Amino acid sequence: MAASSSLFSSSTHTEMFAPKISKCPKNFLCCHGKISYVKPNYFKAIYGPKSRFLSTNMSSKWKQTGQRDSLHCRVLDGIERAPSFSVGQKFQLDDIIEAQQFDRDILSAIFEVAQDMENIEKGSPGSQLLKGCLMATLFYEPSTRTRLSFESAMRRLGGDVLTTENAREFSSAAKGETLEDTIRTVEGYSDIIVVRHFESGAARRAAATADIPIINAGDGPGQHPTQALLDVYTIEKEIGKIDGIKVGLVGDLANGRTVRSLAYLLAKFKDVKIYFVSPDVVKMKDDIKDYLTSKGVEWEESANLVEVASECDVVYQTRIQKERFGERIDLYEKARGKYIVNQDILKVMPRHAVIMHPLPRLDEITVDVDADPRAAYFRQAKYGLYIRMALLKLLLVGW
Amino acid sequence: MAASSSLFSSSTHTEMFAPKISKCPKNFLCCHGKISYVKPNYFKAIYGPKSRFLSTNMSSKWKQTGQRDSLHCRVLDGIERAPSFSVGQKFQLDDIIEAQQFDRDILSAIFEVAQDMENIEKGSPGSQLLKGCLMATLFYEPSTRTRLSFESAMRRLGGDVLTTENAREFSSAAKGETLEDTIRTVEGYSDIIVVRHFESGAARRAAATADIPIINAGDGPGQHPTQALLDVYTIEKEIGKIDGIKVGLVGDLANGRTVRSLAYLLAKFKDVKIYFVSPDVVKMKDDIKDYLTSKGVEWEESANLVEVASECDVVYQTRIQKERFGERIDLYEKARGKYIVNQDILKVMPRHAVIMHPLPRLDEITVDVDADPRAAYFRQAKYGLYIRMALLKLLLVGW
Amino acid sequence: MAASSSLFSSSTHTEMFAPKISKCPKNFLCCHGKISYVKPNYFKAIYGPKSRFLSTNMSSKWKQTGQRDSLHCRVLDGIERAPSFSVGQKFQLDDIIEAQQFDRDILSAIFEVAQDMENIEKGSPGSQLLKGCLMATLFYEPSTRTRLSFESAMRRLGGDVLTTENAREFSSAAKGETLEDTIRTVEGYSDIIVVRHFESGAARRAAATADIPIINAGDGPGQHPTQALLDVYTIEKEIGKIDGIKVGLVGDLANGRTVRSLAYLLAKFKDVKIYFVSPDVVKMKDDIKDYLTSKGVEWEESANLVEVASECDVVYQTRIQKERFGERIDLYEKARGKYIVNQDILKVMPRHAVIMHPLPRLDEITVDVDADPRAAYFRQAKYGLYIRMALLKLLLVGW
């Protein structure tokens, strides 16, 4: 597909792009231009002010503009030899805020970039793609797993990282600085900001303030769009397609933002069928059910995990979130033990199917399942790395 | 001015310095020599033991020694091509401990380096100036803003960072290690240490112990010299001069070390006039007033912010520090609301004037002021980055 | 010795190894291959599954296999010129878990690599040895000193770091993830994991799970093998030999895992004599005494530090660990004051002898001792850097 940018490892590319380099303006790219207010979001200068979410009809747009192969490249002179690759068209999104930003085309295109990321070899030009770029992880609540994934992604592309897991302390309670003021300061120090916040909508507020790209790494009960993307990417990688698949969402469907976002994204594909399997206290809420219905997505609720597992391509298990039960430990314990993925489930699952889980996992998947090749959850975490590499690449240097 | 070192981006420099490289001893520079006790402060070997604060008459000293253009350069062989630039004379200061270290000449010289820093392009030799250098941020109390600014500065110059925001835990209470012992350990791991401490005088103690450069990033009620430098730099950048300006210091003048240090530095310039505008409970203390008088600096106290704002080139607003009021919330609330920079103030301010603030800001500057071009406080934060880049450069590789 | 790999700074090596490069498979090495599950522990593919602790008879094994000089090297093409050095035979250990893994031969071989590390010059190929490698520091309890030492080691070799000092929060209590699951996730993000844990045996569990190398940076009352190694290295560097030396172990011998591990390692050398000098409440336990006796190591207990110090090559002082005394502050205070290394001790110590201490130090060594050249404890901390550099190098790229 036109959206792909398999720029790496092929020697023909080097030749192909070599002539362009001399024609291109120096320091064109955000991360290799001057350290200034304007450059990190240089696209704005070219494409006008942040035009958010204009993701539709990407491929045709490329045809119209014809810019893809001619416009952008990078010249790095000086001390280190730079990767010789073309940088294509601006990424359609200025920021990553919510799963709804992504339509089917852009998802496919991002997945192709993620696939490129898997193929980057260390020491290759691709591994230096974001050299000189600085990512700030501004975490208002700790989430070591997510933070390490983003930081690994940045470093695997040659970029650098400013870390804070205690961002609360420099903006809130005690001193009372607003998120907006903090963003304005931190954007002076970095080229892209990954925000984790305890309040829904915080990422959107950050994006509205910042001149540099913002990635939402989870904002309270709101969104966690990179998780949603990696989930869909995992399905594509493991099953080979998304159209026509059957997915069982299991566990805490009421509180898990993961399954909610996933349901939302699955609705963009054809002939998907979704099963909801959850204890009564944590059932999927009506808004998602109504949404699926309105989009013509078939769904049903079931209390029989064995039956569902025998039919599905994907069993997506989730942790019952104890913290949501407050004092009602009895309810929690009851809900927690109800649907366990174990050898009995493996027995009925089709050979090509997979088990997914956003992690951390308690005992809702028994440890003896890990050895089965259909246990995809640790691979899923790894796919998250590639998705985040792809997003960082796209936001900072375009297609 | 002679103190400048505009080494970057001009192609003539490359030629100019090229011949020197072959003559220069290999691994001359701290950060590119062996990892050893001695090298990080190689200046000591050349200039004798740390001769602190010998900043006066810098320019003439250069003439006397005649070393500037001949002595230092770097040879980097091996895998990466190194920036080809000359490194000039040793920086006069071994450490950055307090604002009083800086006289007018050295301030100007540092500002020229800071200007060079603003012009460094990513991917250029300048952006790799501190490659191989390791800065430890040893923060005994958290200050994410200051830490990120230093870490960004180090990374923008190609250097690396060791971070700790919980330095208390490995030196104090529980285990009882002295600051001096900690410094002796950490200097074995790094090339320069940025210390933030809760005790006044801690930075000076650290500097007395260390063989590598120490930068004070705030020591309790003591000093925060890099903030003072960036404040003066901001004035020079925004107003174009410091001699002859009128500055209104507003807000918490009793507790703010920022305004105290700024007053101190302003006294080094000619015909400066300072207005103090503050609630009675947090008035500027007599020591600073007496100091200004002794230096012939005109100052006056005023209760009329509108009047002061209409006369000043700089309105330097500060936050009333709630934490200093203890139980007296009533006093705090009263003080806090008294002098607000808002549209009324903007109306009377000259067009060329600017509003500054060390941040974080609460409501002592209303948010609607941000859009006015005279609102300089976020630019001020950014200037801090350049000042810190300049200081890191000067301490680690000289002029 | 055959195990040495003094690859650095000698120009003859470049020539010697140059021809090999073209023959070697690309991306052979973990840190420069693809980012994938398999590569980081590529040795497994070659040598079969992790064969732990097969350290004995290393040299002869090399002769048998004859692989040392022919098998491994690295080819780095692409944007940056890579260090031209051969990478030799796989390191015998997959992980660093406990002091018992090391026999005398492997200790000597590691020390030679550590010596090479001391000689690495910044900007030299050696300083980029681990470029592209990512080390995760997964600390379930904070230990800033140890963490900074590892992170400095990694950066001094050109590698990058993912840091967490709050690993507890993403695996335990609240959410209940097992160490094993955490390891499986983090190994997807990094090439090597340094684990600090509060539970004895945790490092071994991590190593049993991970496909990438694990280094134990202390697991509760268990082991801290890199400390043990650096202690022995310090003795070799400072005294010039280990056979035939006399060592006084002083202070908290019951609780200090450091002195226990050191005793264990010293038993591997010839004609070593060990003195135990400690308050009655924290005497060396019988297991170590029995072990020493079984190995034919001479030892005795003494209550006379002056006498012991006058005979020893090494006085290894340790801190009385207050936290082990619970409520019995009186016992602690009594124990703490009993054996102090001060000027009186210095007076009787031989000129060639040294004082060591694992740090942090309270007042069990008086500050006025620091100036004496025999005070080796800060040098000891620095030797730890080289030992950790050596281990990272060996685990990631082999001999």
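To keep things simple, chains are lettered A, B and C as they appear, and every chain counts its residues starting from 1.
Simple rule for what comes next: contacts are C-beta pairs under 8 Å (C-beta built on N, C-alpha and C of every residue); 3 or more make two chains touch, one makes a residue touch a chain.
The structure displayed is predicted, hence computed values, not measured ones.
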item: Chain B on chain C, rotation in degrees - Cα superposition, rounded to nearest 5; value: 120
item: Interface residue identity across copies chain A, chain B - same or different by half; value: different
item: Computed distance of Cα centres, chain B from chain A, in Å; value: 38
item: Interface hub residues of chain A, defined as touching at least two other chains; value: 80-82, 163
item: Residue numbers on chain A that touch chain B, as the complex places them; value: 26-27, 31-37, 76-82, 131-132, 134, 136, 160, 162-164, 166-167, 169-171, 174-177, 180-182, 184-186, 188-190
item: Residue ranges of chain A in contact with chain C within the complex; value: 80-83, 118-125, 127-128, 142-145, 147-149, 151-152, 155-156, 163, 165, 319, 323, 359-362, 367, 378, 381-382, 385
